[in-house]
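For reference, chains read A, B and C in written order, and residue numbers begin at 1 within each chain.
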Amino acid sequence: MRYLLTEEQKMIVEICRRIVEERIIPVRAELDEKMIFPAEIIAEIGRSDLFRLFIPEKYGGMGTGIFEVCLATEELSRGDLSVATTYAASGLGFIPIILMGSEEQKERYLPQLASGEKLAAFGLTEADAGSDVSAIRTTAVKDGNYYILNGTKQWITNGGEADIYTVFAKTDPSRGARGVSAFIVEKGTEGFEFGKKENKLGIRASATRELIFNDCKVPKENLISKEGMGFIIIMKTFDQSRPAVGAQAVGVAQAALEEALNYSKIRFQFDSSISSFQAIQHMLADMATNVEAARSLVYYTAQAIDNGEKDISRLSAMSKLFASDMAMKVTTDAVQIFGGYGFMKDYPVEKMMRDAKITQIYEGTNQIQRNIIALDLIKKGFI
Amino acid sequence: MEIKVDIQKCTGCGICKNYCMYDAIEIINKKAIINENCIYCGACVESCKYNAIEITSDNKIEKDFSDYKGVCVFLETHDNKIIDVGFELLSTGKILANNLGVNLSAVLICDNEPLNLYDVFKFGLNELFFVKSNIFINNTDDIFAKALVQVINKYKPEIFLAGATMFGRTLIPKVAAIIKTGLTADCTALSIDNDKKILLQTRPTFGGNILATIVTKNSRPQMATVRPHVMEIKYENKTNDTDNNQNNNNEKGLSLSDYRNKIKYIEIDESKFKTKYKLISKEKETEEKINLNDYDVIVSGGRGLGGADKFKMLKELAELLGGVVGASRAAVDSNWISYPHQVGQTGKTVNPKLYIAVGISGAIQHLAGMQTSDMIIAINKDPNAPIFKVANYGIVGDMFDIIPKLINKIKAGKPII
Amino acid sequence: MADKLTIIVCIKQVPGITEIKINPETNTLIREGIENIINPFDTYAIEEGVRLKERFLSDTNNINSDIQVIAISMGPPQSKEILKEAISLGVDNGILLSDRAFAGSDTWATAYTLSKAIKKIEGWKIIILGKQTLDGDTGQVGPELAQILNIPFLGYASKIVEIDKNKIIIKRLMEDRYETFEMKLPVAISVGKDINIPRIPSLRGKMKAKSADIPVWDNKHLGLDEKECGLNGSYTQVIKIFTPEHKHEIKIIKGTPEEQVNEIYSRLKELNLI
C-alpha cells in the first residue's frame, strides 16, 4: 500500500474490493443496461458495516472520518459508479442530521441508517434551481405542530429507494437563499410521492426520481436546526461530501486505467502488443499520473477535514473539480486505447466513460466549483 | 511416526519445497528442513531424486486377515433399477478377484426386485447377497449402513467397492466408521499389489493435480468408492472363461434358475432397523435437468469467454451438433452458467464422442474431467494453454470469430426444412 | 438460567489451488503464489451456521437461550488464521485442534479427533461441514464423524426448511431429485454451494477477529491415545504421490479463420454430426 493506512483502513479497502469483485463486477453491465437498482449489493454494503463509517459510535456508527468514507467510495467506484453513488448519496442525506440535527433526530434516525437497514437521500435540486439554491420554489408553511410542504424536487438520487429524506424548502420566500430550511421527511408521509424514474446517460442503475410534495404534513420536530439555516446546512454538508465525489472520480478513473493497461498488453497489432507503442505508452503514463495526482488531492482534503481544519471550502471544491475533470479525461482515453472495441458494450470502458460524466455535474457543477475556488482565493488569498 | 531428512543425501535442490502444498519445507543452509505444517502426505518423499526424505510410522503387528476373502460390490438402485456404476464396479471387481484368485460377490439392498437384476450375472458374479425389505423404500443411510455391516461382518470380503454417487459418498463412510476400517474416496484406478496381495487405491487429490495411491493398513475390508463413468463396463468373456463357472457359462447363458441359485437372500430383523430419518417429500428436479453424460457432444466454455451472454453462441453450436453446453470451473464460479454444466474434478466427469473446449485454458482439474473424451477440439488464443496437451485438434485463434463462422457454415450446410 | 444451544462449524485450511500451475519441463507443481484459504465449501457452512443463529435469535421462543456458533479446525498452528476469518464472518468463537500427534490423519482419524473435541463443547445441537475439501476432496469426514457421535448425518443440504430446538427439516438435492427429511437434533449436515451466498466479512467482524484469542486444544487436552490419532490412528496410508502424465499428439489447425472453420467442419462431418 502506497499510502500509510491503518489496520482498520486496510480492512475497509479489503471489504470493498471483495464486494466489487464478487458482487458488483459480475452484474454491473446488466444493472446498467436494464437500469436495475442494486438493492442486494447495497444490502451487502450495509451488512459489511460500511454505512456505519462516518456516523458517531453513540448512534450505532463507527465514528470514522471522511477519509475512511473516501476510501470506501473510491473502491466501490472501481466496481460501479451507480453503486458508489447510491452509497454516497445516503451519506449526503444523513450528513445534515449528523452536523446540525437535534439529539432526538440523531437518536431516531442515525442507528437505522448506520446499519444500512434504511437509506437516506438529499432533496435539494429543482427544475429551476440547480446551482442557484436561492431559486428553490418548494415551500414549507408552518401550521401548528406541522410544516406543510408543497413543490417538486427533481433528479433526487435514491429517490423512491430511500426511507429518510433531507428536503430543502423555503420557509421565508422573501429572503432568497437565507429563507431556505431543511426538513427530515420520511417515506410514506401523506402527501409525499415519487415521480418517474429517470433514464440517464450514466450511473443508470442508481435511482434518480422526482420527490413530489402535495400538502405534505411534516412534524415540526423534523426541522433541522432552525428556520433559515438551510443554505448553511447545504454548504457545510457539501464541504464534507465533496471529497467523496472526488473519490468516486478517482475510483472510476482507476478502473478505466486498469482495463486499458491490461487490454494494451493483450491487443496485438502489427505483430506487437499495442503497449509497445509509444503513442499508447504516453497515454497510459498521463492517465496514471493524473489518477495519482487526483487521489493525492482527495486524500489530502479528506485528512484536512478529519484534522478539524475549519476553512475547507476551497480545498474541498478543488478536490471535486480536479478529480472529476481528470476522470472524464482518463475514461475517454481508456475508450480510445480500446479503439473500436472500447465503443462496444462488450467491454466495460464505455460505461465508465458514461458514468464519469456525472462527477463533473452533480454536487455542484465544476463551473460552480471554480466560482467557489476563485471567490475564496480573491477574498482570502493564501492562508 | 516421524519424517526425516537425511542431511548427507540432501543437496538442498528445493524440488521437494515445490512439491509441498502445505508450506512445510524450508531450505536452510542448503538443506531441507521440515516444519510443523507437515501433514505427512508423502509428496516430498516421492519428489526427492536423492531418496533423502523418509517417513517412518510406528511398527504395528501385522494382523492376520486370512479369514477375509473375496471382492464384494455394493449395487445401488434408483427408480427400481441397478445404476450403471454397479456394473462398472462388477467389471473392475472381477479383474481384482481374478487377480487374487477369489470370488466376486455383490450386495443389493432394496424394497423390490430391480428390473435389470439379471444383468449383474453378465460379469462373472459368484454370489449376490440380496437384502429385500419394504423398509428400504427410501435411501436412508442409517438402515442401509446397518444392513451392509451385517453382510460384511458375516461374509468378510477383503475388498469392498461402492459407487461414489451422492448416496454412496454418505452411506459408505458410515459403514466404514461402524466397522472401523479404512475407506478411500473417489478412486479412479484400482489394482492389486502382487507381492502383498493388497488393494492399491489411486485417487486424484488437489483437484486432480496430483494422484495418490493409498493402501488400507491394518483393517479389513479394504473399502473404496469409485466415481461413476470412470471404470469401463466389461462383460465376462464367455469363451475364454477358465474359472469354475466355465461349465455353466456357455454360449446360451445360464437359465433363470441357475441365476436364482446364485442369489442369497439375507434375512434381517426389521424391528431393529428403525431409521432416524423421516422422509417428508421427494420430488424430481425439474429446474435444470442437464446431465452432461446423456450427450455425445459437449461444447464447453471457460474464462476466455468473458461473460454469461457469450454462452449463447456455444449453446447454438451445441444444439446444432445435438449436444449440450459444458463449462469450466472458472465460468461456473463467475456465475456465467450454472453448476450442473461444470466439467472437471469438482464437476462432472465426462467422456463424450466429441468435446469442444472454447476459451478453456485447461487447468488440470478440468482436464481430469474430460480427457477421456473420444475426440477433443480446443480453441484458444493462447498457444501455450495446457488444453492443447490433451486436444486432438487445436486452433490458436479468436473464438469470437471462429465459432460464429462455424455456426453459419453448419447452418448453410443443413437442408432447409 | 439460559440454556445453551451451540452450532458447530467444522472448517479446514487448504492450499487455494484453483489456479494451480505445473512446470511443463519437470512436470511438477509450482507451489509459489498459492495462498492458504478456508476450504471453499466450508465458507457455505460458516454462513449457514451464522444464519441459523440469526434465525434462532429472531424467534422469541429462544429469548432465554444462549445461542452461539463455534468454528473448529484441525491442522497446523497457522490454521488459526481461518478461524479468525470465520469470526469476521459472524462466528462467535474458534477452537483449533493442533498437535504433532494429529498430523497425517486420514478421514477416520480426523473424524475421531473432531468427535473427542465436540464432546467437550456444551450444548451442541447442529454440526455443519462443507461437502468436501479442495485438497483431499473425499467428503468422508462428515458422515464418519456423525457415525462416531451416533447422530444422523444428512449430506448436500440445499435448504434448512425448518428448525427448532428439537428438530430440523432439511431439503437436499441429489443427482436428479429433491428429498426433504425431518430429523431430531442433534444432527450433522454437509452443505454445498446451493445453500446460500456467503456474506462478505463486516468491518466490525474483522476488528473482532483481529483481537480474538483462539484457544488451541492439543492432545494433552483431548487425551487421545497416540495410537488412535494422526498417521498411527489412520486406517489408510498414502504410499505414493505422483503427477498425472499426459502423452499426446495434437494437430494444430493453421490458416485463416475460414480455413480453420472448414477443417473443423470436415472433422464434424466425419463424425456424422452434421
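Convention: a residue touches a chain if its C-beta (ideal position, glycine included) is under 8 Å from a C-beta of that chain, and two chains touch if they have at least 3 such contacts.
This structure is a prediction, so every number in the text was calculated from the model and none was measured.
When every chain is represented by the mean of its C-alpha atoms, the one lying closest to the mean of all protein C-alpha atoms is C. The most distant chain from chain B, with centres taken as the mean of CA atoms, is A.
Rounded to a whole number, the gap between the C-alpha centres of chain A and chain C is 40 angstrom.
Averaged C-alpha coordinates give centres for chain B and chain C that are 20 Å from one another.
Rounded to whole angstrom units, the spacing between the C-alpha centres of chain A and chain B is 54. Residues 199-207, 210 of chain C touch chain A in their complex. Residues 15, 17-20, 22-23, 26, 28-32, 34, 36, 75-78, 100, 103-108, 111, 134-140, 142-144, 146-148, 152-156, 169, 173-184, 190, 193-194, 227, 230-232, 234-244, 246, 248-253, 257-258, 260-265, 267-268, 271, 273-274 of chain C touch chain B in their complex.
Touching chain C in their complex are the following residues of chain A: 7-8, 11-12, 14-15, 18-19, 22-23, 44, 47-50, 52-53, 62. Here chain B touches chain C in the complex through residues 1, 15, 17-24, 36-43, 45-47, 55, 57-58, 60, 138-139, 141-142, 145, 165-167, 169-171, 173-174, 176-178, 180-186, 200-201, 204-219, 276-285, 289, 291, 297, 320-322, 329-330, 333, 339, 345-346, 353-354, 363-365, 367-368, 371, 375, 377, 386, 388-398, 401-402, 405-406, 409-410, 413-414, going by the rule given at the top.
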